[in-house]
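Paired with chain B in one complex and with chain C in the other, chain A is shared by the two complexes that follow.
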Partner chain A sequence: MSQPSRHLRDTLETWCAMGVTGAIRVLAPPGGTLYVADGWITYAECPSACGVDRLLTASGRLPVASWREAVAAGRASHRVGERLVQGGLLTPVELEATVLSALHGAALFLLCLDSAIRLDMGETPAIGPVVRVDLRDACAEVDRRRRALDDAWPDSRMDTHAVVPVRSLSGHHVGLNALQWEIVAHADRRRTPIDLARSLGRDTFATLLEVRRMARAGLVGPGRPGGRGAAGRWIGAGDHSSADATAPDDGIGTGEDADEQALEPPAHPAPAGAEPAPLAVVAGVDAGPVPLSADDRPLARRTASPVRWSDGAGPSPDVCPVSVLLRIRDGLAAL
Partner chain B sequence: MVFDTEGCLRQIMAIRGALGANLVDFTSGLSVGAAGRTPSEDHHVTAAGVSNVAHSALSTAAFVSTGQVNHVDDIVVSAENGYHLIHFVGGRPHARMALYVWLDRALGNLAMAQRHLRSTAAELVAG
Partner chain C sequence: MADMDTALKEAMQIDGAVGAAVVDYTSGMALGTLGSSKSLDLTVAAAGNTEVVRAKMRTLEMLKLNDTIEDILITLHKQYHLIRPLSGRNSQGLFLYLALDKGRANLAMARHQLRRIEEDLHV
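This part shows the complex of A and B:
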């Protein structure tokens, strides 16, 4: 069964009240899946948020091999979580906490979308029945988290732009907590908080929050927008094509990108043609892949308009050399 | 003995004078599980509060000289409405869990509760 596009929460409320069991696929970018059993949310995943696989392997809590073993053994029976506990790799409390972290991390992006959704009846997540969360509690948590982010620092660009630590302190001394240290140590001027959370295997919301707190303290600032294509849309940006919204079939990663992510900075999947002119980047009117708010959209259009000019032989105003401008000024002055 | 969240909370609620307990992911403010009463509207609000207190304690360089790595074991808040104890579940570089217990001021014994929380926390993380 599927529903036309409207606020996702309304549709979910109806389905949860009906006590459905299955996978609810969110079709709008960033895309993702909510698993429900008898109307309770049991798992959620979204390419923007750390799944259980990354939380366990990228953080170093479990070796990738152990994770893969558990997945291989428990995937078919949808009991991966149980395998991890039985194998003595995790305590039940750790498993519950990790699944909740992944679930609420994904919910943060998914539960504020206006999106068409599709219900695949009967599907269950491979991790197994570990937790049950009431939809209203999940929504309340999403609202609390968004408030917490805005209270920490209202500039939502910090979520979707590269984290750029300042080169020098304005004061004498600063104290960082463990997560802030990891963020600063791994910030390579390209990774967004979402990328950093994934490569560190840290809770996505916690990472977003610490980045905003550091932004308030003037320790980091926003660099280029980008990273995972999904990044900015939950803030309420417009509609954008995205190819990386595809989700794994049963809500579980194999941990295969665990090593790759740590070594290589993520690529910037800018849609073809949206790459801004170099000058625009310098001027900070980047029309990059992830517009952030309604305010940014006029800027994106503005950078697109020079194309009309460059159709002819004349140079695009965006790349107009200073010498030409000086000649024009001199010419006007001579009149 | 390896126990789940419910078992862990039961064990905390067995502390003399315990009014309420909460297992909190202090990096995100998420309540992983809760039992008993709560000093605020609900357990989720309490968990968020625990997270805020933990954040302040961990990011304040109180009593630590510059450049030294600090480790906080617990936070104790003595208030009119009781004792509030937050114990960090340590041992792992990525530790993000804290046990919170709200104690009755008349019945509770801080030192006993601290010892109790410490041993519960030790059981939470597999070897």
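This part shows the complex of A and C:
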């Protein structure tokens, strides 16, 4: 079942009222998936927001190996969350809080889009049935968050541009909370708040909010725009000119990109996951979410390898590494 | 789901309780609420009280007392509002919020019970 492009919330309202169960793929950039069960939202993911995998592994809460183990054990039965709790790695409340954080983090980007969507009936998220959120509550939370961001500091460039701490202070001292400190300590003049949230494994909205608060206090300013569409598009929220930017995924990452060190280049907002990865590369080629300007290239060169290739294809589309072609072939074969 | 719900239900069993919530103060979002009504919108209360917690934590840091908040009591003319940050190693960033009817509540008892609920919340 698919729907033509229109405001996502209206379509969702109808489907939730019908009590559908399945995965709703959002096709406009930044792309993402909302999982519903009997009309309740059970999970949401979006490349711009931290998923459960990054919230748990990149933050250092769980070792990547433990996460992968739980995913390997629970993915097929859609019980990854349950495995984490049974294995004594997380308390039920922590799991619930983390899933809610990921769900609302993705909803912030997805529920303001005008987008074509596709419903894959019957699909459930691999994390399992952890929470149930009413669509109206999710929308109310999105609206609250957007208001909170605007109240903190109305310049929305702070969300999509690199975070640049000021070089000198006008006063003698400054007080930062823990998240603000992490942001400043990891701001490398290239990463946007979305990149920083992913590499720190922190809640994306909380990071956006702290960046705007620091902007209000005159501690950080906007640098160059982020190089990826996922970071750059959500405020516009009306653009659906690109093709399918969603990646086939089952709502869970393997935590592979969690290996990234804190001081490594920013993670591109691509789905993790061993099987879906080749397909994600294909999607990147077809969709090419945002044409890169010359300004973006220095950042693009620093991103992770699949993206480096698709970005690199911008200036010279003829060049295509053999390894990537092989991965595409494998991906297509897997279909 | 069960555990947060259980904690909220237990909080609502406290004498005089009119509303309870588990709130993430990094985002201001209520992760769970019970007893929300027209006269007490717990989602709004969650977001607003996040500012209270942040302000007090900042103040403590500025004072360099090297201590943390056990709970915060706000006394209204008709209600008590109790805020209790979760102190577990892994529950950084959450607090319990309890609104009590002043006429029916026993404040000392309520604080004691809320502490117990908080301890159970992340065993």
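Following the convention adopted for this analysis, the second predicted complex is superposed on the first by the 251 of 335 C-alpha atoms of A that agree within 3 Å, B and C clash if a C-alpha of one lies under 4 Å from a C-alpha of the other, contacts with A are read in each partner's own complex, and residues count from 1 in each chain.
Following the convention adopted for this analysis, a contact is a pair of C-beta atoms (placed from the backbone, for glycine too) under 8 Å apart; a residue touches a chain by one contact, two chains touch by 3 or more.
What you see is a predicted model, and the numbers here were worked out from it, not measured in a lab.
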{"item": "Partners on chain A (chain B, chain C) - clash or fit", "value": "clash"}
{"item": "Contacts of A:132 with chain B and chain C, given as first, second, both or neither", "value": "second"}
{"item": "Which of chain B and chain C A:201 touches, first, second, both or neither", "value": "first"}
{"item": "Partner chain(s) touched by A:141 [first = chain B, second = chain C, both, neither]", "value": "both"}
{"item": "Most chain A residues touched (candidates chain B, chain C)", "value": "B"}
{"item": "Touching partner for A:60 - first (chain B), second (chain C), both, neither", "value": "first"}
{"item": "Which superposed partner A:179 touches (first chain B, second chain C, both, neither)", "value": "both"}
{"item": "Partner chain in contact with A:92 - chain B first, chain C second, else both or neither", "value": "both"}
{"item": "Common ground on chain A, meaning residues reached by chain C in one complex and by chain B in the other", "value": "61, 90-94, 96-97, 100-101, 104, 140-141, 144-145, 148, 175, 177, 179, 202-203, 205-206, 209"}
{"item": "Touching residues (chain side chain A, partner chain C) in the complex", "value": "61, 90-94, 96-97, 100-101, 104, 130-132, 140-141, 144-145, 148, 175, 177, 179, 202-203, 205-206, 209"}
{"item": "Residues on chain B engaged by chain A in the complex (per definition of touch)", "value": "2-5, 8, 23, 25, 27-30, 32-33, 44, 48, 55, 58-61, 66, 92-94, 96-97, 123-126"}
{"item": "Of all residues in chain A, those that touch chain B in their complex", "value": "59-61, 85, 88-94, 96-97, 100-101, 104, 137, 140-141, 144-145, 148, 173, 175-180, 201-203, 205-206, 209"}
{"item": "In the complex with chain A, residue positions of chain C that touch it", "value": "1-4, 7, 22, 24, 26-29, 31, 43, 47, 54, 57-58, 61-62, 90-91, 94, 121-123"}
